[in-house]
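Presented below are the structures under discussion, each in the form of structure tokens.
After this come two complexes, each holding chain A, first together with chain B and then together with chain C.
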Partner chain A sequence: MGLLTNLKDSISRVTDGLFAADEPKRIGIYGPPNAGKTTLANRIARDWTGDAVGPESHIPHETRRARRKENVEIERNGRKVTIDIVDTPGVTTKVDYKEFLDHDMEKDDAIRRSREATEGVAEAMHWLREDVDGVIYVLDSTTDPFTQVNTMLIGIIESQDLPALILANKTDLPGSDVQQIANAFPQHETIPLSALEGENMDEVYTKIAEYFG
Partner chain B sequence: MPGPTPNVDGDDAPSDDSDDGVRIDMISGARMDGLTGMEKIRLILDGVRDGNIVILEEGLSPDEESKLIEVTMTEISPDDFTGIEIETYPKAEAGDQSFLDKLMGRKSTQKLTVIGPANQIETLHKDENLISTLVSRK
Partner chain C sequence: MPHQCTTCGRTFPDGSKEMLSGCPDCGGNKFQFKPAGETIDADETTDAGETTDAGETTDAGETTDESAGSVTDTPDSESPRPDSQPPEAQTPNAQAQESKTPDAQKTDSEHIRDRTQEDIAQASARSDVVSPDELDQASRDVESDSPTGSDPDSSGDPEGPRPDIDDLRDELNEQFESIRIVSPGKYELNLMELYDRQEYIISLQEDGRYVIEMPDAWGISDE
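What follows is the complex of A and B.
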């Protein structure tokens, strides 16, 4: 009986391994709040499936739950890559509901939003440790990338040996400095883009196919 | 069986209930070495939630940093605890690693780390050689 069970398990492992190669890779879109993660996730999803992933907003922590768009097929140079996009809440080490009051929000709504945001960040960290196969790290190229959260997250991603693509977003805005991001993380390739305007998405898709295919 | 909750207070530690200043706990690498990841996080967060500044001689591993963020998020509550401010020097370059570390693919996690309550500590300047922070009382 034990022998049969072992044999069944062995066969199961071999077949799982064969099919695993064809399974979509879960690619987490990470970064600090307001870097344009959901705008990028929506751009990718709309370009390849016609659907959006979630609402976008200039108010921080609009995304408070990790959202997954499954089976996004990206074709590049005759090669097809299937990924699940996981749009995650912006990672931070602090959330103060009073910051939301500046966005014309009532106190109760601000407290609820901050509570949901903290749950979302905790969830995003859990996904990063357990449930993603690769990371697209999105940074706002108009802001200083030398922050503790960025340093820690890139360190966490590297420690997990996850393939990581760094995107310098918001190149359509004045003050965009892609080189500053490249200098901050020289061990990774930095790709400039404007997810909002759809600029340089061709290169982004080529790199997604190359990194995660 | 879980061990006792680690605490930086020794028997001869002076009372820290004073409202006159900000307490700084400088924790050596040797003290952290014997703790599990969760014990380290508890030690840090208990201190920070009491309004203390915690300075770690050797910092945390990336996995511990990830869990520190996760646990911090679960403890944030309105008008009580808004989270942490954390600063470390940038990671040491490969040139600083020992030959054995390079051979084994080990990366040093030793980096001085400053952690404090988000509403009491503000980073004024940070570069590879200097972390300058402004600490205020509650």
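What follows is the complex of A and C.
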């Protein structure tokens, strides 16, 4: 974190900006574990490329390595936006293998999964620092958004001046409370959706094109 | 002849006042006392106690000759008081140094011997300095002795690796505080540290080690 690093970042951002029209922007899908990030990434990828990004699971930390789906072309209102989708591991401050034991997992497997999840968080934070041009921040609208992780990540994103779209996912579930998320981050626009059911995806794509186009 | 001039040998009867101002013949002021009737015994005891007495009387610069446990020392001098004093009480010095019965001398010598030994030990403890070599040797002896001598250590062998792993874990946590390994499978992450660091963890090993990607100076690592 020296002067040289800051200089490097500045230069790389300027050069990135020069070629912005040609290169697709990397959009990182961030959020806490089990918010539905991979489900959203798969939804977007399937809708526009026909392929999936990665396996989905109700077990937390299913995604333990960032996965990238490149050249996803989203067409909205006669305008094409090409992005690279980066599905990142759920970010958390604590990883404990015991939470996996509840999902019929052997202890050794749970410990390994815990270790890989920790590596995934480190990788996600690295991507946020180095490799994303914008962020789709996915939250489970049935849970309290006022968490240390959410506050910290949103703060980092803001400090980087990255364009950010906040999605209140899982609106298909009974306990969903989109307004609570909107209240938590009033400085950002909050879009409700159900990635699993495909509800309100049109608005999501419109906003993606608007924010990252 | 209870009193005899040590210079000329003139004798004086007990209680004589002639010697109070020195020997009338030679002017000497050193006399030895020989109680009447104990002359022979005194000689015998003198022989017996001579070595001890001799050592002590030399402090006063006196000569003892063959005679006795009673050396009169009156250098400056009050002359002895033959009439009133028993042999033991002639002068303060004599009293302190020589007027001992054989038993008293014996016990005294034992005291002296004990004290001497104690003094030697204490003196060496106070004055001697242990050399570094001796210290190293002593510590090696303790280390080499302890595994065989103490059960806790031998029973601690199976647990030997554990402290090492814990130490390693602590060391890693200090070095890379962005991820704290609480226990196997349990981690605490400092997100800001992870974000701020240029390098990032690629993989954590089960033994607490980790692999990091070092940042390239100008972003060539993107390729």
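Note that in this section the second predicted complex is superposed on the first by the 193 of 213 C-alpha atoms of A that agree within 3 Å, B and C clash if a C-alpha of one lies under 4 Å from a C-alpha of the other, contacts with A are read in each partner's own complex, and residues count from 1 in each chain.
Here, contacts are C-beta pairs under 8 Å (C-beta built on N, C-alpha and C of every residue); 3 or more make two chains touch, one makes a residue touch a chain.
Just so it is clear, the structure is predicted and the values come from calculations on it, not from any experiment.
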item	value
Combined model on chain A: chain C and chain B, fit or clash	clash
Contacts of A:63 with chain B and chain C, given as first, second, both or neither	neither
Partner chain in contact with A:176 - chain B first, chain C second, else both or neither	neither
Chain B versus chain C as contact partner of A:96, first or second or both or neither	both
Partner chain(s) touched by A:158 [first = chain B, second = chain C, both, neither]	first
Chain B versus chain C as contact partner of A:111, first or second or both or neither	both
Touching partner for A:39 - first (chain B), second (chain C), both, neither	neither
Shared chain A contacts, counted only where both chain B and chain C touch the same residue	91-97, 111, 114-115, 118-119, 121-122, 125-126, 128-129, 152, 156
Touch list for chain C against partner chain A, complex	178-179, 184-192, 194-196, 198, 200-204, 206, 217-219, 222
Residues on chain A engaged by chain B in the complex (per definition of touch)	91-97, 111, 114-115, 118-119, 121-122, 125-126, 128-129, 146, 148, 151-152, 155-156, 158-160
Residues of chain A touching chain C in the complex	1, 4-5, 8, 12, 91-98, 107, 110-111, 114-115, 118-119, 121-123, 125-126, 128-129, 131, 149, 152-153, 156
Complex contacts: residues of chain B adjacent to chain A	61-63, 65-67, 69-70, 72-74, 76, 78, 82-88, 90-91, 107, 118-119, 123, 126
